[in-house]
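Since the structure comes first, as structure tokens, the remarks are kept for the end.
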Amino acid sequence: MSSTTTAPVTEDQPLIVGGKTLASRLIVGTGKYKDYEQMQHALDASGASVVTVAVRRERLVDAEGRSMLEFLDTDRYTILPNTAGCFTAEDAVRVAKLGREILDQLDNPGKDWVKLEVLNDKKTLLPDPVGTLEATKELVADGFKVLCYTSDDPVMAAKLKEAGAASVMPAGSPIGSGQGVLNPNAITIILETLKDGDPDYPVILDAGVGTASDVTVAMELGADGVLLNTGIAHASDPITMASAMRHALEAGRLSYKAGRIPKKLYATASSPWDGVISYIPGE
Amino acid sequence: MSSTTTAPVTEDQPLIVGGKTLASRLIVGTGKYKDYEQMQHALDASGASVVTVAVRRERLVDAEGRSMLEFLDTDRYTILPNTAGCFTAEDAVRVAKLGREILDQLDNPGKDWVKLEVLNDKKTLLPDPVGTLEATKELVADGFKVLCYTSDDPVMAAKLKEAGAASVMPAGSPIGSGQGVLNPNAITIILETLKDGDPDYPVILDAGVGTASDVTVAMELGADGVLLNTGIAHASDPITMASAMRHALEAGRLSYKAGRIPKKLYATASSPWDGVISYIPGE
Amino acid sequence: MSSTTTAPVTEDQPLIVGGKTLASRLIVGTGKYKDYEQMQHALDASGASVVTVAVRRERLVDAEGRSMLEFLDTDRYTILPNTAGCFTAEDAVRVAKLGREILDQLDNPGKDWVKLEVLNDKKTLLPDPVGTLEATKELVADGFKVLCYTSDDPVMAAKLKEAGAASVMPAGSPIGSGQGVLNPNAITIILETLKDGDPDYPVILDAGVGTASDVTVAMELGADGVLLNTGIAHASDPITMASAMRHALEAGRLSYKAGRIPKKLYATASSPWDGVISYIPGE
Amino acid sequence: MSSTTTAPVTEDQPLIVGGKTLASRLIVGTGKYKDYEQMQHALDASGASVVTVAVRRERLVDAEGRSMLEFLDTDRYTILPNTAGCFTAEDAVRVAKLGREILDQLDNPGKDWVKLEVLNDKKTLLPDPVGTLEATKELVADGFKVLCYTSDDPVMAAKLKEAGAASVMPAGSPIGSGQGVLNPNAITIILETLKDGDPDYPVILDAGVGTASDVTVAMELGADGVLLNTGIAHASDPITMASAMRHALEAGRLSYKAGRIPKKLYATASSPWDGVISYIPGE
């Protein structure tokens, strides 16, 4: 038999967001875990190099008086502070600045960026487009690298990029809904629009991921990365789900690069096939 | 910081089909590649331990007079002979026996099993349920371990199991169509029915996979494995796609074991959240 | 203003099944209603000209000793006897013959036809393909016009047509599931296959309709008619739902005939549009 | 036989928008037709009582020098002027006022309302949320009844209602895309949000309808009406499609009122059924 060499899988370029190179295209949250040990294991299993932390949470301690930051290896993870819990542009800007101060003290590379969330209401947790745009402009002017959570509306996405967002992060579906990518058409238009003439502009799917295949689907559409939290933290077995998400991200990225076959009603041989080496029907 | 230990991802049991333990839950075909080197690399990248070969093809040689078997490391791969190209039960039985003879000479562990395909017509390549049932009975009586390709009709699936099939392999969609799992409802009923009182009975999704997320979806439904060929062999970059499929399989299996979160219209906090450590809305 | 004339909607040809011309393409069941009056009103509202009756039910009487047939205007409705409740070919054939005798006494035009159901089990109510094929052959040989309930497997559908079925009636989804057409790809292949060279061969979607849009979708795929029962009988307001189904059938048929616009990611004007009468963007 | 009385289909209340009662819940456009005669017939077949006209078009004449208004029976139809072709709030406001002047001269009841479109770009024709909100405020202040075209973002929809829009008109999918309702989840949240404590507030699906079932689906979700143009005007047979849309609207509305059955994997009888009058399995 001819010797088998290692298969030459195409090399991928790393994702760069706001000047930072990410070792993994999966960004994960740190909330909603049973305890910090579970969080720690899940982060490890996810393969993420960037983890997002709600600035409002960070100073808080758990029942045993322990701070989350004791459980985050800041040599290993870049912290992406987020403005979860903010319902106005003003509040989000204030919280973003507070996050910068805290990370500055930690000397973490994440100190000048922020995942911006300006939420509309506590019921749906949908983003407020007007407040988001306003806060983006203000934070960009203040030197932040803004990773901007938004709906899947391509026009708002374009306005946020135009306002200087380092990355636009459209929602697949509402936060915590577990519905995955409800409107692939919208995500495709966002990708087409934001990458037009600027193919490396990073678009990261954020929110709505319920299960591994949601991540794969998002990456197959051409997203540059995925950010998620609840899908891991509230799974029955968060650590195993974190590992699933890691593989799902890889699967989707590779699949996107590899170029899938077209969909057909059925696959009739388009050429004669009897007695030919190249094709056995049903093979 | 507290020390990070390796995350305890839940151990999985290997898939056992017809008494054989499979190191990977992904079974891949060997047809439709540009050349044998490409096939060899794709098999390697897929992580498969079982590869299926059309008996009708195996004796054939390529333009340079080389046989496929020269490029299949039979120490590494268990060969699963298949009856692709057979349109009657009689023909399929004959081809299955021929495959057994060939593998017997190779002393490959795959010698007593067969992936049974009895196709209805060259246009749609859909399986013939009547011929498939007939051939299954005959091959089982002759001592074969039959892995049985069939439609997603749960009743035919049950009849094939009852006839002694070692595994039932429902189609996600027509062979080569790239449509993925068109009817998850049907696959779910098949899984529920065939595993009722017999949870280890192996159900392997076969046919229709177009891209990585199709594999993940199938595994998340609870399939024990996936068999595919065209989705890899006809991708723009088959080797990279093979790697994608490997991750997709792993993602779907882990996700299934981990237990996904439920789907909701939106995720309202069901408990008070202001000033509480456990929840920042939008986190 | 120019005078408005009545709009020239294209005339449709009536559906002919087994030599009988149907005034409506909607066939409805008679089971599961709260009482016979409700059934009577729902049948009226549905616009159906053919109603199907379980032969096993017909001689039974309600709590007040009234027979269903007292509430079916047999001058208005053609009765299509069905073999609901039969789990073997033998039983279905026996029941079909019993139905013929009863309708013969009523002198109803439905006396020589039968909606054949050979169910596999009481749990899923899925059809038994093998028993269905066997019963079809037997009933055709005995002079019946057989309208044959089957799964959405195109190969079984083709075998049933070949066996002489007057109409093949694929399931959109399991009986009573309310899931609509789960696999439009399969229904499309059935239509393409059964109408190949025989465009008037009637294919009627049977089973699974949950709501009006399911009927419209089935007709837009090219089905010649739809048969349903639970979707009306178990709606909160069966009579209003019957009216909905009537309109849904009409909508789907007209839409199919009218030829829909193609789907696109978005509709860019393909021609210059400024200052031109023919196009205002967004109009 | 007991006498059949006419079935008591539940009476529906008419849709009221901005103080005007609409005889039909279907609103249709007047653009993109081959000629005015075809438009006239299609309007008639659609059953619409309100038709929308691009103000920018209205003064223009066709190749034979005829104005569209000669072909619109203004005694029969209420004209809803729209601002198609406007890409800024300023332009849309100007065009809306121009429309009011023109309709004032015609003494048409539509003179104080407007279908507001502020589009973002000529390529996707997606609405500009910021410009739309701005124009809505201005037009409301000027006494207009504003029917506001917007994306399916529930937050923007709520802001537009709050700004005083007489009706919010979310897009099912991009104008002219023919994709139907791409995100039912979003439309459901819009309906829930805008009708919370205000059940009669009118939400009308606008844009994206490709075929009849899209209309039925939108109404089944609970929309109060549907506005469409391309789906009719560019169908192969626009007049027949207009009739399809009329039935589809009616089907969806009735179905919504009637209350559909739930979806299940399969419908097992939940009660004993042998020998009971009320249930024959498979009926």
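Note that the chains are named A, B, C and D in the order they appear, and that numbering of residues resets to 1 at the start of each chain.
The criterion applied here is as follows: contacts are C-beta pairs under 8 Å (C-beta built on N, C-alpha and C of every residue); 3 or more make two chains touch, one makes a residue touch a chain.
This one's a predicted model, so the numbers in the text were calculated from it and none came from an experiment.
Q: Going chain by chain, each one touching the next, work out the least steps from chain B to chain C.
A: 1
Q: Identify the chains adjacent to both chain B and chain D in the sense defined at the top.
A: A, C
Q: Any idea if chain A and chain B meet via the same residues, over half in common, or different ones?
A: same
Q: Can you name the chain that lies farthest from chain B, using the mean of each chain's Cα atoms as its centre?
A: For chain B, the chain whose C-alpha mean is farthest off is D.
Q: With residue numbering as the guide, point to the option in A-C, B-D or A-D that repeats B-C in over half of the contact pairs.
A: That would be A-D, since it shares over half of the contact pairs of B-C.
Q: For chain A versus chain C, what separation do you get between their C-alpha means, in angstrom?
A: 46
Q: Between chain C and chain D, what is the gap in Å from one C-alpha centre to the other?
A: Result: the chain centres lie 30 Å from each other.
Q: Taking each chain's centre as the mean of its CA atoms, how far is chain A from chain D in angstrom?
A: Centres of chain A and chain D (C-alpha means) sit 36 Å apart.
Q: By residue number and range, which residues of chain D touch two or more other chains?
A: Chain D, residues with two or more chain partners: 124, 126, 174, 177, 179, 185, 189, 265-266.
Q: Which of the residues in chain C end up touching chain A in this complex?
A: Residues 185, 188-189, 192, 265-266.
Q: In their complex, what parts of chain C are in touch with chain B?
A: Counting only chain C, the residues touching chain B are 120, 124, 126-130, 133, 151-156, 158-159, 173-174, 177, 179, 182-183, 185-186, 189, 193.
Q: Give every residue of chain C touching chain D within the complex, in rising order.
A: Result: residues 1-2, 4-10, 29, 31-32, 36-37, 40-42, 44-45, 54, 56-57, 60-62, 69-74, 76, 82, 84-86, 117, 119, 122-126, 149, 174-179, 210-213, 215-217, 220, 229-231, 234-248, 250-255, 257-269, 273, 277-283 of chain C touch chain D.
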